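Following: one structure in structure tokens, then a few remarks.
Going in written order, the chains are labelled A, B, C and D, and every chain counts its residues from 1.
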């Protein structure tokens, strides 16, 4: 069994990593850190783990070294503490935004601060198995993409990759409240956050850059908070070039995702769940992708859905680890989600 | 006091008409019809009206004639029964989709059936005060637009009308469950409909036609059901022509809506409610519209929000009646909505 | 028009007072105070009031004197600042818990602090019109009861008052998130507070004391937070003495509430809304009460429901003011609530 | 591998059985029946099983015989078709209410119909491992208790069994919409069922009988529908006899449940999740039980929470099967639930 640790275990992504790693047959979770909750039981912060996890949180300074270390610290912390954090594990899987964008300038434009470890930007392989499986097999530095970016990239990539899309696409992203982490400002209370359709990023959401980088498209993205705790859905709109029909689209998606364990193509003529729906994905590592075609207008609507904390974060990280160590990709990620839910 | 009646009073739009008309100082609600609930108390179907409404439902055949008649029957019924229904009132305000599209062919394309009263299509004035106030002053046949169409038209119209938009726009509409009426199929149960982001119309939603007709734009629309009972929000995307900045947009919206009693321009730099949000609009007749500008990409995001049963239906109908009879437009529509809610 | 002011206008009860008072034909809202938001627009905190309210928040120190002053400050502040606050208005209506319990000892037991203005405890009349209408007619100091207490008292009182109940009753109260005000601790975030059935007070909830005082019963109360922003429902259980049947209960409730403008007896044999349901009460000043009878077990289940911010607070305060000044009790409180919602 | 089948696979309990059995290492799911959906893919009804389940629904008449058969048919169907259904499996696990109550008269009183297979009532062992583990080891007929009954029994049983409770207790049960199955009447639509606190059974809920039978107490139960898809919480109230303190209660619960794999005692002094909360139990087989003590009033509040479709149904059935065949009880039931959710 490999020895693994989670740095930043008290947040939502950290908690999800702990849940998944505890059920993973090939690893032993040796430590989960928290400054604020050091020496308190992990299940005092993540009550779903009562009777499942006997760990107490470790203070970051008391960490040893491990075969694999997952970084679930706040954004910007990974790059600030990079020198120390990268020493903790033979393989380091970062879930912050810090090493997702190889271009220092793009990072500065979207995050409004200079990158503090630019020399490391090139060292990280993207933790998105569907695009980077091959590089992941021997990657020691992995950077997991953002939750909305993951959904959009998986919906857009095949069609973009075969050159079927005009370069300009728009992405409408909808996200639950857990996407902003365990923060608790006045905007985050239940009374203010329940029942919302909150357009918190009408333009220029940071995940734009990740989607553009992965697909080569020019993306304008809008993000809206909806009344859900988990779940992301993206609606991507673009125009196609050449002759496109439903059959061709099915063929393309099948070719790209037919062997993928965690991408399902959901594009049916009828049925309540005929298109990707986060409602049934909570806790699962699936990303469902679907499409609709407007031949007259030569337009495509591509849809992606996932659980932002699993396939949009912790699950993607564990799937990447499974690839890195040559294990079956489904290990620890078998939960299929619930219906109804 | 004018004598008014609601045909089709047991549905959600009908119930909202009854609620508003009961509180209207210039009219007396004389009858509300229902086939299924004839002779049963109105408050047995609309329990919010207990102690407020003593009416029982009238069987449609027992209707007399009235100064104003509101048609809240199912779509396609207004045109099928047009000859009879139009005789019931000196002024008839139709809330179905039947007389919204002046062009018979467009109707057939979107509703998949031939129109059964094409000769009447030209007789109806659109029940959208912001666009048709002048014609409404002496209109005897009024057709209230769809809920999502209303939100999109009010968000797009000023900018389109001044020629600031390229003709192609996309509309991403989100709607609560009451938008589909009191239907109860397997897709509508709480277990299946709660927590959804259900893309029920990825392309070709019928309201497209209404938006195109009102704005002169070419619209591709997507509609998604969200976990709310009331509320519609639309996100419209397009490119602008010429020089546009925030100041110009504010000027345009102020010019078009500065005197409107029920349109609020909500486009702030910060704040939890900086852009239109249906959460705070339930029960109110406001349509909030806002915008975001991406100068670099020359793109506009225009946002509209309203309560689908009020400004998206019953409220718009009553506001149109107020104009028709020269009453203050706010009569009966004073409720401002709740915060938090 | 009387001149009125709201002290503590940035909270949820304060916002609701402002909303209602703005629509009240007999009063002019002259000031709403806030320390934190002084000089900022009221609608920047209560966005539902955009285009409805042009006030900015007044700093408490800048207050003048008014005909009526509503105190919507945090609990314990009214008694601490009593000397100053009571000078602000000829009539003062307090919405905190500070003057609800006439007995200093009971207050200390439930609020864990000594009362700081015990000499004033006797001066306040309870702001519950159904019980105190007569005293309210010339009351200059009014103390509005708690939201859950109001629902339980109105459900229990008639049956207790006629001596039909054994003294021991249990009260199971369920409440939405707005009941705890605009606070924002880690327990209040949407991610932690959504989807809850949170038993936050399994025993000894403070409202116990108010219910006991009003009904003369011995109450054991449990309070559970549910996934709603507004709304309170209480389920009261007790045993009856003597012969009781449904007819007798209806007679008793009719006798006590038949002329009440804001209490509806809802106890039907069938129907979706056969018993009191907060779902349809948001924004309204109704308290619905109902009952079920278990003759074999000689048990009664009494149910009450209301909007915690209206009949459970601001609405009750305004209704009390209407009585104090001899106005129709419904003034400013006509909104009936929405269906569906 | 044992060969198992689910009779009635298109409902919510049936779907949950299929999900769990597909992940169970010791059984092969050979068939799931449905009249309505015969020959259609299982994942067309349970979309969470896409890529996980390749089965199509079998018509009941095409069933063979199996080592274990689960009956997830509508209530009353198991007894009507008993002769045929019981022949299908060496071990039959019934999830309907039909064989839960050994007393024919009690059944008739609560279900308003005579029992159609009274001779079989004695043959069934209760599918509640915590109470019947020993008998389950060689049971060939197992009857799984109701969801609310399971939560109440597990909360009440230890304290009742040691004789600490006076015989009269009240049970307040709250339940999500999936508890009433995949039905779709007018009361079940999202618009009517969302945001509810619907007291659908103020007295005499059927699960009363199961709780009385298991605990020997006299129970008066009330059931309320809340705005959740999954989840049950019960609040049980009673008086204790003799000397009781927190320490004693902890000792009792530890003694009864210390070795139970799926019962957690949750009764903490502080913390957001200090008492049982269904929010974090979706998909898990845990039943959390907790308590609060009112020494002055000599009252106990006992609380239980579970996922109605798992520990309240399918999970309990699979745990019973695990016991019957001597497998580890956790097999197939490892999913711990999600936080936040």
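FYI, contacts are C-beta pairs under 8 Å (C-beta built on N, C-alpha and C of every residue); 3 or more make two chains touch, one makes a residue touch a chain.
Which chain is which protein? Per UniProt: A, B, C, D = N-acetyl-gamma-glutamyl-phosphate reductase.
From a predicted model like this one, the values you see are computed outputs, not experimental measurements.
K.L.:
Of all chains present, which has the mean Cα position farthest from that of chain D?
P.N.:
Taking each chain's C-alpha mean as its centre, the farthest from chain D is B.
K.L.:
Per the definition at the top, count C-beta pairs in contact and tell me whether A-B or B-C has more.
P.N.:
Result: the pair with more contacts is A-B.
K.L.:
As a quick test, compute the distance in whole Å between the mean CA positions of chain B and chain C.
P.N.:
35
K.L.:
Can you check how far apart chain A and chain C are, centre to centre, with Cα atoms defining each centre and the answer in Å?
P.N.:
That gives a centre separation of 45 Å.
K.L.:
Round to the nearest whole Å and give the separation of the Cα centres of chain A and chain B.
P.N.:
38
K.L.:
Would you mind listing the residues of chain B that make contact with two or more other chains?
P.N.:
12, 178, 186, 191, 194-195, 227, 229, 272, 277, 340-341
K.L.:
Along chain B, where are the residues that touch chain C in the complex?
P.N.:
12, 15-16, 19, 22-23, 44, 46-52, 178, 229-230, 264, 266, 271-273, 277, 280-284, 286, 288, 334-341
K.L.:
Using the touch definition up top, name the residues of chain C that touch chain A in the complex.
P.N.:
These residues of chain C touch chain A: 12, 176-178, 182-186, 188-191, 193-195, 227, 229.
K.L.:
Note which residues of chain A are touching chain B in the complex, please.
P.N.:
170, 172, 174, 186-187, 191-192, 194-199, 202-204, 218, 220, 222, 224, 226-228, 231, 233, 235, 237, 272, 275-279, 292-294, 297, 299, 301, 303, 305, 340-341
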